[in-house]
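Next come two complexes built around chain A: one with chain B, the other with chain C.
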Partner chain A sequence: MQRYLLRRLGQAVFVVFGLSLIVFFMVRLTGDPARLMMSREATAEQVAAFRQRLGFDRPLLVQYLDFAGSALRGDLGTSIYYRQPAIKLIKERLRPTIELASLGLIFTIITGIPLGIIAAYKPGTFWDGITQSLSLISQSVPIYWAGLVLILIFAVRLQLVPTFGRDDWRSYILPVFAISLQWIGRLARLTRTAMLEVLQQDYILAAQAKGAGPLTVLSRHALRNAAVPLLTYVGLSFGYMLGGSVIIESVFAWPGIGFLVFQAISVRDFPLVQAVTVVISIMFLAINLLVDLSYILLNPRIRYS
Partner chain B sequence: MSEIRIDGIKTATSRRVSRRMIARALKHKRFILGIVLILVPFVWAIAAPVLAPGDPFDQDLSIAVLPPVWLEGGSWEYPLGTDFVGRDIYGRLIYGARVSLTVGLGGVLLAIVIGVTLGLIAGYYGGWSETIIMAVVDMLLSLPYLLLVVVVAGIWGSSLRNVILIFGVLDFPLFTRMTRGEVLSLRESGFVEAAHMVGASGWFILRHHIVPNLVGVIITVATFEIANMILLEAGLGFLGLSVPPTIPSWGNMLAEGRNYLASAWWLASFAGLAILCTTLGINLLGDWLRDTLDPRSR
Partner chain C sequence: MRNKNGLSVIFSPGIVLLILLIFVTACSAPVEETPLVNPTEAPAAEAEPTESAADPTEAPAAEVEPTQPAAEPTEPTAETEEEAVAPSGTLVVGIPHTVNALDKANGATEYANSISQHIQQMPLYPHPDGSVGPLLAESWEIIDDTHVRFNLRQGVTFTNGEPFNADVFMFSWEWINSNDVANAETWANVEAIDIHDDYSLTITFTNPDPLQLQKMAYFYPLYPPEYTQEVGMEGFGQAPIGTGPFVLDEWVAGDRIVLKANPDYYEPGRPRLETVIFRPITEDATRAAALQAGDIDIARLVPDELVLQLEQDPNIEVLKIQGTRNYSVLFNNMTTGVGTPIESREVRQALNYAVDNEQIVDVILEGNGVAVDSFITPIMFGYDESQPTIPYDPERARELLAEAGYPDGFSIAMACPAGAYVKIEQVCQAVAGYLEDVGVIVDLQIIESGQFWDQEASREIAPLFLDGWGARFPDATTPLLGAFVPDTVVDYGSTWANYYDPRYVELYEAQGFTLDQEKRQEAIQEFHRYMVEEPAAIWLYQSFVFTGVRNRVQGLEVYANETQLLYDVSVTDE
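Right after this comes the complex of A and B.
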């Protein structure tokens, strides 16, 4: 167990190192980062002054060590556009993103898992058909478009909710629904597969034979054993909602870190882009690590060595 | 004489086989629906200049924001209406299929070429090459893919070539991991060991015993990845980070129509529907392929 933990942490350190290389060279691979960040109208002198100010004229290795060293001390650089430390801007935007991702996760779980259970309990019925179609559609629907359609119907036409932003509780409804949409169907499908497998086991038959009702069998015997593969997926989706919600946050102008990345890209504020990428990726890594570790709690048969 | 007979038998069996395959395919509703759905964008992409009624680049402000034909003010000349600078939406939809399909097919092809090659090397030869390849693969797989795509596209600037490159390079780990896994299990299997024993070279075994066994899995996963890339490309376009706005693409149409939601819903809606139908068709085909090629997965 301890060796497993150490190995996983070592891997995580390696991934963070790789991440720092990606983020560092992303801006420098095309040649001149100063050119990339300045507008096309900038004069040669302006570009040169900018290059010097940000230290792009130093050797690459020195630049990288400087970048990595400050990052380790918690300094992720300064935003060019806002003229503030990047980490401060990220902290301000963290709360809305965590709220959106948590609510999205809860909504995904309370809709996706019951759908999958019903489909597995009565395979081939109407509800099974609904679940199967829903999972296919949620895989195929462009979420940004779904977001626009939701805005058009519920905000513009019916005027039930605001079109964008984050004010009272009503402004949460559409973003939460939109961010969950692509995960509900997939989780339902996965629940169905996992449950179908478990429901064929002998202990289910034994439970039924001793007179347990369908609800008891499903919740106490089947779901608990089907939970392990589902947990991975739930964890993965939470990581993506936290980190990959650039598009949904941009559709609804949700003031989170995803929208911050998009805004930073729009004004070519690459130090800020780099900083947010690092923060989101580390959160993503941490969640996946936690999911892997929680396996042990859920399934005592798994012993890591 | 005998040659002719052999030929005759050959064609007869192959015809029977293909007829049986068609019969079986027709039983699969998902296959038919999938083919029907993707046929439209494929034909659009190939024959765009013939099919598009007018020039989709032609701007005419005097006919800007015309509604579709079934609404008041619409005309058959512009069946799905016009956009905010008077360009024909139907024509731009047809041309947009080119971008989506090029990115989907090109990106996946690039990912397969890189991914399968590295996977074969890692799985078959092992050693330090495996260690390095799998370290990079695991690293890329444990980072948030969508965010990296958006960020890299945002920094490198938008062009068709860049988008395909980014998708291919960030997506290859999936194919590497899959190929390596399959190779590892195939290498232990009886027929590969037998080939080894009769003295077949490593390259021969790879080509004749391992690659053919990989094709099914790779095609299935590739199908789903094409759909994902089409969705993602349009998402980038929606953010203004895919192909330049002068090129008609479904993502760009969504981005342009976004500000006219209240007054002219058709600007963004048809592009969204086109994306939905295309990805739905591809995913249906992928589902069907998975069940047909790999009966275990049912």
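Right after this comes the complex of A and C.
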């Protein structure tokens, strides 16, 4: 178990390192930040001075090693746009994103799994049809469009919730729903498939023969065994919601890191983009690790070596 | 028919739901006669008309005068009898970018800088029409082209108690010089400051600049010395302190900036608002929706395609003003255009005759713009209607091409910055189409905007390239300097337009170095004539800038240059 953990941690470090390297070079391919940051009235000298001050005139490898070295010491660079340490900016904005992703996750689970269970319990019926159609729609709808439509209907037309921002509890409704949309559909289908398979097992028949009611059968016997792939999926979707909230946060002006990194990219704020990438990838890897470890809780027969 | 699960496909719940969803969406576009009950707005308020955008050419604002006595009989500390109206009400403004710093020296966008100008003040006050008025400087005297004497307002303190006086000028200038600032124009062009006493000083400017006074209303922030030194540049940008009508109350990163009225503000009758909240909403559609729902009162930067929808809402007015951004297809005669037909004057004139820029404005921009014939446009200082124009005349274009030796036309490359401006790709394609009609085959390259500007800066860009240049002031001198005057001539010039003509430089010099407005007027008109005769570009248009405003907002005057000051704005209910 120890060895397993160590190996996983080692892999994680490697992944973060590789990812930061990729992002580092990718953002620099999009254009010269010095020229883009300064107004066009700036003279060539001023641009060169700016470039030098920020160290963009050094060889790329030197720049990267500098970034990596500082990162290991907890300094993820300074945002060119905000002129503040990237870490500070990320800390300020992390909480709204985590809230959104967490609530999104909870909503996805409490909506997706029951839908999938119902569909599996009564396959081929009207309910099954509804579930499948809903899940198809929810996966196909483009988030950006869905977000705007939700705003138009519920905020502008019906005036039930605010149009944007993170003000009070009502502000959470639309963004959480929007971010969960595609994952609900997929989770429902996955649950249905996993449950269908499990429900055909002999032990289910045995439980029913012993007189267990449908609820007990479904929860204690069926769901628990179907849970492993579902948990993987849930963990993945949480990671995606954390990192992929960029669109939702921009549409709803939700003050999280998705919004932050979106702005950073459009103004070519390299250090901030790099810093956010590193942070999100670390969180993603941590979640994956936790999910893998939680299998042991669910299914004692799983062992890691 | 049924699928393999035995479910009916055509009438499956999914299809029904999908149809329902489409139906609901189509009907949810809020085009309606009766307004919904809006919790933040009393129904009676709809009857009051909003004061519309000031016509940029006429505003009852103070003009720049050679001498101006200390005019206003206001006593800064005593309350005058006329005004005892306390500021009241809350205004919410939706802005399209987050704010990086509330400091004129480092603000990255006009939105950030507009907000900071409510807290941190300049010596002069900028009016929407481009003129300036007294603020922290009560009066001033233009001694000659490079010397101006300022008489400062007395009895003003920063909101932390520090006094405002001539030393503050000196400190602010030195502070900017000794720090790395992002905005190079901050406290630029100052050679020396001579302090006469606590409330008067003379500034010596390094170069004569016809817009120097206008710039003093935008780029010369005044800092409280003790506080600024204590917190440093970055600290100040996050927690500014100034002499303005508002103080920073709260700044939640990426969410809102809350300003509260400064109870000790020295100008009576200002501000009219108790609270102003700025909220960044980057998505245009969300910002427009927020305006419709009443979650914001002002939506800055409404894109063209949403204007119609907003105008149909009886609670909203869309204010429009002609922006200073000038779009043209420039000729690169410095690098890639060398040896190509564009070096010939007849060819360049021909290309101008070939393109119907009025049609482009009417059709592609749906009328939201004005066709222009040079950098000197109807809203710019010195513009004269009697100046020559270049009408659409493809016949004349072909004649000129033949005269120049290209009766069968020629091929040439043209670059276009993708997504940089509203509908710019369509404009590029329209231009290419018009040129093709007269025999000039255009190889249109639509390039990602970041790369496009890189190429422009490094002079690698195609012989023809379409770009827009905005000016902070309704005066062509700054864009002319940036576009056509090399830094060998003027040390803050550049030639981003990649076009060099020594006569352009001469004409620039004739109007760019004097504060005598009459002399400038003549020189500018001469420049305009020359730009028509020897075009540096296919001159196209200037577009409109839109701001959406709810009816409860009073006293808003829109600026053409993306600034927005709310000193005199009030709201009618609450």
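One rule holds for everything that comes next: the second predicted complex is superposed on the first by the 290 of 305 C-alpha atoms of A that agree within 3 Å, B and C clash if a C-alpha of one lies under 4 Å from a C-alpha of the other, contacts with A are read in each partner's own complex, and residues count from 1 in each chain.
Criterion: a contact is a pair of C-beta atoms (placed from the backbone, for glycine too) under 8 Å apart; a residue touches a chain by one contact, two chains touch by 3 or more.
Treat the numbers as computed from the prediction; the structure is a model and nothing was measured.
With chain A as the common reference, the superposed partners chain B and chain C clash.
By the touch criterion defined above, A:V273 reaches chain B but does not reach chain C. With both structures placed on the common chain, the touch criterion links A:L148 to chain B and to chain C. In the superposition on chain A, A:R93 makes contact with chain C only, while chain B stays out of contact range. Residue contacts after overlaying the shared chain place A:Y64 against neither chain B nor chain C. In the superposed pair of complexes, A:V156 makes contact with chain B and with chain C alike. Using the contact criterion defined above for the overlaid structures, shared-chain residue A:L19 touches chain B, although it does not reach chain C. In the superposed pair of complexes, A:Q84 makes contact with chain C only, with no contact to chain B.
When the shared chain is aligned, chain B comes close enough to touch A:V261, but chain C does not. Once the two complexes are laid over each other on the shared chain, residue contacts for A:G129 go to chain C alone; chain B is not touched. With both complexes superposed, C is the one of chain B and chain C in contact with more chain A residues. After superposing the two complexes on chain A, the stretch of chain B that clashes with chain C is 253-261, out of 73-81, 127-135, 163-171 or 253-261.
Shared contact residues of chain A, touching chain B in one structure and chain C in the other: 30, 36, 136-137, 148-149, 151-152, 156, 250-251, 262. Considering their complex, residues 11, 14-15, 18-19, 22, 26-27, 30, 36, 136-137, 139-146, 148-149, 151-152, 156, 239-240, 243-244, 246-247, 250-251, 261-262, 265-266, 270, 273, 277, 280-281, 284-285, 288 of chain A touch chain B.
Note for the complex: chain A touches chain C at residues 30-32, 35-47, 53, 81-84, 89, 92-93, 123-124, 126, 128-130, 132-134, 136-137, 148-149, 151-153, 155-157, 159, 162-166, 250-253, 255-256, 259-260, 262-263, 267-268. Across the interface of their complex, chain A is touched by residues 5-8, 12-15, 17-18, 21, 24-25, 28-30, 36-39, 97-98, 100-101, 106, 108, 180, 182-185, 233-234, 237-238, 252-256, 279-283, 285-286, 289-290, 292-293, 295, 448, 450-451, 453-454, 457, 469, 478, 481-482, 487, 491-494, 496 of chain C. Those residues of chain B lying in contact with chain A across their complex are 135-136, 138-140, 142-148, 150-152, 154-156, 227, 231, 234-235, 238-241, 254, 257-258, 261-262, 265, 268-269, 271-272, 275-276, 279-280, 282-284, 287.
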